[in-house]
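These are the structures, in structure tokens.
Next come two complexes built around chain A: one with chain B, the other with chain C.
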Partner chain A sequence: MNMDKERFSQHISRGFNEELESLRNEVLRMGGMVENHLDIAIEAIVAGDSKMGLAVAGRDHEINQMEVAIDEQCSQILATRGPAATDLRLIVAVIKTITDLERVGDEAQRIGYLASHLASSQQHSDHYHELSELGEHVKKMLHEALDAFSRLDVKDALQVVEEDKLVDEEYDMILRQCISLMMEDPRTIRRFMDVSWVARALERIGDHAKNISEYVIYMVHGQDIRHLGLEEIRQEIGVE
Partner chain B sequence: MQKIWIHFFLLHAAALLGGGVIGALYGQTLIGLLIVLAGLLAWHILQLFRLERWLLTGESIDLPDGNGVWPRAFARIQFIQDRARQNRRNWRSLIKELRASAKAFPDGGIILNPNHEIINYNKAARQLLGLKKKRDMGQRIDNLIRHPAFVAYLESGKRRDSVEIPGLVGADTWLSCRIIPYGPDQRLLLVRDITQSVMLERMRSDFVANASHELRTPLTVISGYLDTLSDDAELPDAWAGPIQDMRQQAERMNLLVNDLLELSRLESSEPGSMDKSVDMAALLRAVQNEMLVIDERPQTVELQLDSEAKLLGEEAEIRSIAANLVFNALRYTTKDGRVDIRWRVDDKGGHLSVKDTGVGIAAEDIPRLTERFFRADSGRDRRQGGTGLGLAIVKHALKRHDGELEIRSKLGEGSTFICHFPLTRLLVGE
Partner chain C sequence: MNMDKERFSQHISRGFNEELESLRNEVLRMGGMVENHLDIAIEAIVAGDSKMGLAVAGRDHEINQMEVAIDEQCSQILATRGPAATDLRLIVAVIKTITDLERVGDEAQRIGYLASHLASSQQHSDHYHELSELGEHVKKMLHEALDAFSRLDVKDALQVVEEDKLVDEEYDMILRQCISLMMEDPRTIRRFMDVSWVARALERIGDHAKNISEYVIYMVHGQDIRHLGLEEIRQEIGVE
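Right, the complex of A and B next:
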């Protein structure tokens, strides 16, 4: 990582360095906000707090604004500096990362709305326990993906890619549970539809975290590893 | 000149003289002198060679004995080296001790440069924040601690208070972060695990909320029966007084439970929303009318509206702030006094003030006024009514609207309670 970090800071023009560095910081700041929203949304589900859910859903525009601002910053750098090699990869990765982050924000918004819906319409259900576990898992993945982004750490990024499988399994499990409970008592269908929507949103967030990790690997190694199996990825970038 | 040097010159002179004399015996004085000179030079070169080797390789050698110039130089160098080695050993052990103490420190410490980049950190910081050895040196701290509250704190430059954020390692942990500037533009970031105290605080407020809820149900039953009993015509007259008293006390308890619930809700829920606007003029007029209904009150209750500005926040909470302040003012002001309610806006923000000409508050009591159940004068206040929670509710509701409460008072002259709201909470000219 040190090598790469130095590569970023080796330009003759100091202004360019500062622009790249500030770009990275902005992305991570946006990431922090997204993490925060996700945190509150999950909390709203678990605590059954409809106000909290609506509050976080209403704050999604903050994330959208940041995405637009960072996008603008990227185009400016592309237009004025004509970056090459690592710098270009950084900017490409940033543009993709913020799209994924923005989508995570949207999913958090959706969870917020669903939380308010679930809280106001039904009594507390013990299925929130599974949701909260999945939520914690996804939160951790997003956190690690952003950590990998800030450290340019390929190993950690790979780990997030691996973890996505577990999240998918957990999602499947919740879905199966929901279906069997719906069959038992059709009156609960509405509620469990909402629960499965929340699980779906969380699973999507896991996918976005995986994407962000893939961009990190692309940024460091210059290799596009999307749609490859784990084994192929390892071979491609030579990490055991 | 030092004795050793005199000795040195005498020795050389004697050697030269000897060489000269022996040379003269053979009739070759010059050659004799030259041979002696060459011998002396060779000896000095040898010493110089040994010195250079010794310093270069650092191997220990047999130091030349005696007390000539060369042995003394060797001995001196040896001495300096020994001392330096000793010093180095001392420093090393001192640094080791310091490191060990930094390591044993239970709070995380991170040294930051002015760009918020990590220069160094201790073991606790590594564990609390999940930092990676060496790799995170030079990384910006806000790239790793990304919580918006922390980023805002880092950029605000406020160095007195601390900020509380959820922990980065493990679910449901809490950290308290504090930045202490020291030296020329270096900062120390102190991180402390406050999970325990946060949990304790949560347990406490949960307990209060649950207990209040549990109290409410029996209370409803009691008040219900008391209401029925008071209407019962068959009951002996002697019971009318006690039942009336019981009804009053039950009503008081009801208010108390409501206030406790309100307070615990204010404490535990998210801050007030920013997207609803509260029409202060209408709200204050309504509060004033409510208060005018009360029989025992000061003659004048004036409302002065200097601004039409609206406030962003929760209407019910703002109303509760205004109502509590005005109600307090009425309670502590005699019939011939007056109460002034005022809403004004300046370049610092919005200000809601409630001024009375009542009994006033002693200076030493002012800081404690917003504590729960605190009473400035315990003897008198009981019969004034009120739950003792009003100002605590005001304080918490204000805090949720980024506001501050200012209390000015003098015993016997009356008090002024002012709520300051920041400009960001105001909606002017709509």
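Right, the complex of A and C next:
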């Protein structure tokens, strides 16, 4: 009798585990799509390809649909399973993560439009090199954040949080460059305004990757480390 | 016996209702604080008051703390009450709303720093008039979104969603003006870059107010209307 009961609860629990597993997979699938859009948007900037920029901007709704669907999945699980502790933290982290992913999608859309604008209205510039480097950097951060999410790896998540400072510095450098170039030749003002908006969008994506990493730490440790300094975070969770 | 049971379940439910009520009040209190910070940040721009700008930027952690506390409250309720249907939607909406409020706080902090930068490094400009108007507009939107949240008023929430288009237009106008002024006199480039960042921050706050309004509609109707056009939203929820 006892054994039957145990087997029954295992069965229940296996179904629940599958739901959570499917939820995590959906988040990673959404993450993959967002990475793909970002990749194309940056490529459109570097290649000066207006059509490519517009095409990726026009596909943002795919990401939005995934957000809505995953949100629905979270509500279903909350309502039917009444999860607690780690499971509950996973679901709260997912609700927050997909909001950040959706906003990364919005930034990729913005970069796509800016790529089209830059490509069609002005001659190509060598200064997109820095944008491309910043782009590679935040793409790497986003990828590592999603990787930390999939492996629940706090150490890697902390690494991403740390990286964000470097991205902010790169962004500041690009901004200063843009202003210098505009002052040198006011005919370039429009173009370098666009370049600075792209840099800003990329810097924002770095912030979102950082947010996602913080949710990973919250998921694993159950401590809310947002808004703490890095030193405080390390002390809180006991990672050197 | 039946009556006792009924009284007991009413008691349980009363405790639960009080928790939900307290949660809603905390969100409104956080909203009030965010409105206050935004108010001061805009005032610092208009008055050219560097000290005021820095002071409000330095107080952002108060908002962050509220977000963490309310998040914790949500997790508690989810874990102990296993809410369903409307109650569950309220809590999911709160989790999302406070993320947006926290980001409005970040934008207010950014505006505070920009106010300090604008005030200390350059002469005052008449062109802050447009910023001030845009600021009033998004403050109104944010206030109405919070009001719709407190009264669960779908019609007012839809109004805010609609307002956001006007804010986007005002923002575009300011941006075009900034570019013209920079081209006329390249010595003003730095200043009008700052002005355009302030405008962008305000435009973003409009987006957040719109997001919050969409969560209100979701809370009441249980339909996810994010990413739908206004016409589709009206059809979905049957408001003319």
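What we mean here is this: the second predicted complex is superposed on the first by the 228 of 240 C-alpha atoms of A that agree within 3 Å, B and C clash if a C-alpha of one lies under 4 Å from a C-alpha of the other, contacts with A are read in each partner's own complex, and residues count from 1 in each chain.
As a working rule, a contact is a pair of C-beta atoms (placed from the backbone, for glycine too) under 8 Å apart; a residue touches a chain by one contact, two chains touch by 3 or more.
What you see is a predicted model, and the numbers here were worked out from it, not measured in a lab.
Student: Name the contact category of A:His143: first (chain B only), second (chain C only), both, or neither.
Tutor: A:His143 sits against chain B, while chain C stays out of touch.
Student: So, does A:Leu181 touch the first partner chain B, the second partner chain C, both, or neither?
Tutor: The answer is neither, since A:Leu181 touches no partner chain.
Student: Quick one: chain B or chain C, who's touching more of chain A?
Tutor: It is C that touches the greater number of chain A residues.
Student: Thinking of the overlay built on chain A, is A:Val46 touched by chain B (first), by chain C (second), by both, or by neither?
Tutor: So A:Val46 meets neither chain B nor chain C here.
Student: Under the contact definition given at the top, report the residues of chain A touching chain B in one complex and chain C in the other.
Tutor: Comparing the two interfaces on chain A, one with chain B and one with chain C, no residues are shared.
Student: What residues on chain B touch chain A, complex-wise?
Tutor: Spelled out, the residues of chain B in touch with chain A are 130, 132, 135-136, 138-140, 142-144, 146-148, 150-151, 166, 168, 171, 269-270, 273, 275.
Student: Touching chain B in the complex: which residues of chain A?
Tutor: Within the complex, chain A contacts chain B at residues 1-2, 5, 24-25, 28-29, 31-33, 35-36, 39-40, 49, 51-52, 55, 58, 136, 143, 146-147, 150-151, 153.
Student: Provide the residue numbers of chain C that touch chain A in the complex, in ascending order.
Tutor: Chain C residues touching chain A: 61, 64-65, 67-68, 71-72, 74-75, 78-79, 82-85, 88-89, 92, 95-96, 99, 175, 179, 182-183, 186, 189-190, 193, 196, 200, 224, 226-227.
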